[in-house]
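What follows is a pair of complexes built around chain A, which joins chain B in one and chain C in the other.
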Partner chain A sequence: MSKPKVFEKPIGVKDYLPHAGAKLRQIERQALACMQSWGYEQIITPTMEYYDTVGVASSTSDEKLFKLLNKRGTTLVLRSDMTAPIARVVASLLKGAEFPLRLSYHANVFRAIEEEAGREAEFFQTGVELVGDPSPEADAEVVALAIASLKAAGVDRFKIAIGHVGFLNGLFQETLHGLTDAQDGLKSCLLSRDHVGYRERLKSLQLSEPVQRELEGILRLRGGQEICDQALQVSRDATAQASIQHLCEMWDVLKAYGVSEYVLIDLTMIGDFSYYTGMTFEGYAADLGFPVVSGGRYDNLIQQFGRPAPATGFALKTTRILELIGDDAESGTERVLIGYDASGRAKALAEAQRLRSEGTIVVTEKMSIAETDQTAQLAADQQSWTHKGTVYTAFVPFVQQGGA
Partner chain B sequence: MSKPKVFEKPIGVKDYLPHAGAKLRQIERQALACMQSWGYEQIITPTMEYYDTVGVASSTSDEKLFKLLNKRGTTLVLRSDMTAPIARVVASLLKGAEFPLRLSYHANVFRAIEEEAGREAEFFQTGVELVGDPSPEADAEVVALAIASLKAAGVDRFKIAIGHVGFLNGLFQETLHGLTDAQDGLKSCLLSRDHVGYRERLKSLQLSEPVQRELEGILRLRGGQEICDQALQVSRDATAQASIQHLCEMWDVLKAYGVSEYVLIDLTMIGDFSYYTGMTFEGYAADLGFPVVSGGRYDNLIQQFGRPAPATGFALKTTRILELIGDDAESGTERVLIGYDASGRAKALAEAQRLRSEGTIVVTEKMSIAETDQTAQLAADQQSWTHKGTVYTAFVPFVQQGGA
Partner chain C sequence: MTIETSRNDLLKVAMPKGRIYKQASKLFREAGLPIPSDFDDTRKLIIELPEAGMSFIMAKPVDVPTYVEYGVADIGVVGKDVLMEENRDVYELLDLGIAKCRMSVIALPDWKPVINPRVATKYPNVASQYFREQGQQVEVIKLNGSIELAPMIGLADRIVDMVETGQTLRENGLVEMESIFGITSRLIANRVSYRMKNEAIQSLCDKLQQTIGAKAGV
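Our next item is the complex of A and B:
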């Protein structure tokens, strides 16, 4: 057997050591439990999909897809998100299932990356899709569930910014009719949140004074419910008006959920994905420069798999949430060390079983009587102590007493 | 955007629909909780590894590794098990961690398959590695933990067969000294449990009568503790004797764990992996022709990554456990439908939140008063009923009462 030459793993992928691994699983478990209590049921899809089906339909740009060939020479991709695979399942295996469908997932997803950029090539997402309901009620449900899931995962301080792709599309259609390049340029500035670039581009277009002012004004359309009222005055375009109406209705539902304190309307927000068709949202945690959740409505995706259906959903970036809340070991966890010799073994292992069934973590170890005494001395009068690199909170010896 | 032509997924991979997906996660969660209570801590490693490191060290034969090229032209593999990646971590990131290390994992693993054979190219494993302890005590611990994990995952009836690669190696060394081809042929018969083929090969070797009888006799070395005593008589070879001694000591510990009823000794058992160096075991559930768990001792692997260390462990085949225990929805699960109109919305959503915080599954839906009446009638006097394809156990309406 040839010997490996390096101890390295590929660039862009990570190991999660004990505390981090357990914590990431805990974030996932708590978010999924929350989603389940809202009626969302978990599905699991394969890591590999056909490039020609899910790969092409996914929102990830072609050069970022991780491609490989199977033995027949067909191109496969490592999934880059879960939305396209779920769309495939909704249109095939779940073809007969009635709408609305509430589905949840936890999965690792992949992006082929510029190795130099230091971005992650594999990361985890926990999310939901609500399929078959076009209403503002449905959009508000997924936003409220995103808020509940973030809280369940241990994120306390965050804001959800909600936008609507229809507002900008309508407004640009009205003011920059036919100027596709100009529209695209402005949108790409907004996507990268480059407001300076947006203003410069606007100026370079040499628009009439009122249009110029109007398009600059949208940068200030950021705030609470009052933004809806202001935005209704900005554009007469039917698409823009309907979009704002949709956000107003969502706001009413979010108020009824009691979560409007977490939400702000940001009409300059454009979702990362080109396939969003309606409201989009992103959640930002305090002290973190990137979103911990993103989502929105994508009414055109599932029909690409043959079953036209409106849909809305989101994905929590659990690896980023882990960075946020940290991977320290749970303080206060009981961890018992049971030491025994051959004579005390059966009693020791029975006691270990009893404690484990009560939820206590127990490690057992065969020891000499001398080792047992040493360990007992070390453990005495200490809340916690370290034995062979592990922190314990109690020591229970089962050894032959005295010199019988 | 080009349209996908098919709704297919690649051959050899699976979708797990709602009930199956949730059940598979439950099996995983329960097994991991059991492992945690024994002091095993979860780690997560990347899906992709370098072929030259983990790929080469893994127990999977080269043609079964799923290979791909990264943008630099370096060959990567999709991990085929978790043992080799964990060995890499133990020898690198955990280089400073004291032994013994108790590690657990849950992961999907990949095998490039003959597409025609209908085998799975991706499946799930939940397992542990106990690193740094060569004792029979450590081997007994992982076998006892495998038993506890199977029970925790919901498997009731099963048997664990334990063997030791040293016994056969020693015996063959003694009786078939230098006849490497003959040894390999006999081992491959035992590996595929082809006892007829084993007998035929034995005959064709034209051995002396006593040796012939001895090598045929090992097919009967299958049973309880008494097999240890019998086996000690079979071979005088030091390796064979030491191996049996190790199994005898393991048996004593397993008796102390109170689990010997689940265990049998089977000295004809050869682990699937060529890298096992000591005891090996497999668990078979009633009515299932393939193992639901397999494991053993592999003392030579981690040194390939630069840190010599004995190690023992196992992997549960959770996808097979799912086949065994079925993916029916949990009966007895409460699922509440709350219907509301705009006037009752805030109260309805508050009640949903209250019920969810108590662990009840609640779906909310905006309905007209007529729909509410219809649903209430359907729900009345029924333990459970179906609304839009989902089974509910209770209906709670929040609508404007009367025509005020």
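Our next item is the complex of A and C:
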């Protein structure tokens, strides 16, 4: 590749200019505050981890991990999510901590990506992990908190789709017993959202008519609580039944939270089978092409770090929420300009400090008397005016003549 | 479903301009949707069809999966060839059974294995993947049209291309060596639209599936 031009930065990373930066911080603050109010405490972990520990354990596929070498030649990764680092902490530094643990985070994460616009190499995630509780109650708490966090962050039109890896595992185990290849093939079709391929594969398996119809029917198992009842009829496999039971109980809890209108059940929605062990969910906002939140239960992860523990959680794609909400200029914020000359400096700076301590934004500037007069005039006529490219709402001069 | 029924109710459909459009719009009409047969007389790129509850985005076929993946179109109609080549993260909901053809390896009749095999194609990803699966390392050359020229003038010893009737091949003295996969047009959907506009998409899917099923039954 030719040498980069001075304005260029690596593909997939972003600058956030003042307005966008402020908005991003605001989304992050609101989401974290919401999580805190549910008793989740924020944790910060390093940007870099070992490939052999956190890298391997993470749900990110190997070719999407951002790898680097340290001086000794050990492979490091830039964290690709926060779940694996938190699993490491829970199993090491927090080894003695009693369950359940409620942890939240906000962090930048990294992915090695194809060179294509819209796919990000670095982005922000805000999320939680609830460790040590295997119950439907815990899963529902996490989903309800995801909904509350989305609302807190300013997203108002969205839906959450919930699935369960156990249902398909059980159903396939029952109907395609011993046919591991066929099972994997069907799962990979569902994972890549290829319903046409799924139907074709089913056809090629030459199953009995009712089984064929049943397996094709699951493509339609989407909707509200009624889906639970329908699904209970589909498979008598113990795993599948237990999974649906789990979803039914979650649904009851979500109803009690008063958020079931946002939720739909989709039993074809499956996360990565090697990672998720129970319910999985994804959240979609209107007018945005990509999911804004994803999560699920991963009961096998933390034991890879030496402390077996059930866990469930989610991550908000904070950067995408920013796209959705836009970075429109905040209105109503007060910004005071204080102009002073040498004689008024001490008073001016003292006043600035007083105003700042009250929470007002204050910018100070040394000016000539003529300049202060000019500015004062400008300020007198309007609610807000622009001085050197910045919008102010008030002007206070500290100069010999007009001095306070 | 109260949350989704506000503005933006029209289903945004990315339609491939040209050959596939005629067949797709015919299928849509047979499924009972009030869609005009041809927009040839207009150069408009976005066509609102409120009676059908849709708005058509007239796109170059290879771009259809891109529009759908990014969510600027909710659903789209696109050939399996393009889907295989583009490898986008979209739902593949329905085989529409139209624009039938196949992806094939093509060469001159006297083709013999060569030391440095070169394959010309409009579908570099499909070609690379196929030959890799066959255990052959080949150099893939991307061309944008008239692929049949490549073996005739010695740019490549084989080509990978779509074959419909085989007419062009015969006229140019080429033969189909093997078929890689069958192609038909598919209905695809964006990940988010598939949930947020589930009812509209599912009802369209059902109508189309019925029509296709009835045709296949005859």
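The rule we apply is simple: the second predicted complex is superposed on the first by the 390 of 404 C-alpha atoms of A that agree within 3 Å, B and C clash if a C-alpha of one lies under 4 Å from a C-alpha of the other, contacts with A are read in each partner's own complex, and residues count from 1 in each chain.
One rule holds for everything that comes next: a residue touches a chain if its C-beta (ideal position, glycine included) is under 8 Å from a C-beta of that chain, and two chains touch if they have at least 3 such contacts.
Small disclaimer: the values here were computed from a predicted structure and weren't measured.
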### Query
Overlaying on chain A: chain B and chain C, fit or clash?
fit
### Query
First (chain B), second (chain C), both or neither: which does A:196 touch?
second
### Query
Roughly what angle, nearest 10 degrees, sits at the C-alpha centre of chain A between those of chain B and chain C?
130
### Task
Give one of first, second, both or neither to describe whether A:157 is in contact with chain B, with chain C, with both, or with none.
second
### Query
In the superposed arrangement, does chain B or chain C reach more residues of chain A?
B
### Task
Report for A:364: first if it touches chain B alone, second if chain C alone, otherwise both or neither.
first
### Task
Using the superposition on chain A described above, determine whether A:385 touches chain B (first), chain C (second), both, or neither.
neither
### Message
With both complexes superposed on chain A, which partner does A:123 reach: first (chain B), second (chain C), both or neither?
### Response
neither
### Task
Please work out how little space separates the C-alpha atoms of chain B and chain C at their nearest point after superposition, in whole Å.
19
### chain B residues touching chain A - in the complex, by the definition given at the top
1-11, 13-22, 24-25, 29, 32, 34, 36-39, 41-50, 52-54, 56-57, 66, 68, 70-72, 74, 76, 78, 88-89, 91-94, 97-100, 102-103, 105-106, 108, 110, 112, 115, 121-122, 135, 137, 141, 144, 253, 255-258, 304-306, 335, 345-346, 348-350, 353, 356, 359-364, 366, 388-390
#### Entry: chain A contact footprint on chain C (complex, rising order)
2-4, 6, 8, 69-72, 89-95, 186, 190-193, 195-196, 198
### Message
Looking at the complex, which residues from chain A come into contact with chain C?
### Response
118, 157-159, 161, 193-197, 199-200, 222, 261-262, 264, 266, 284-291
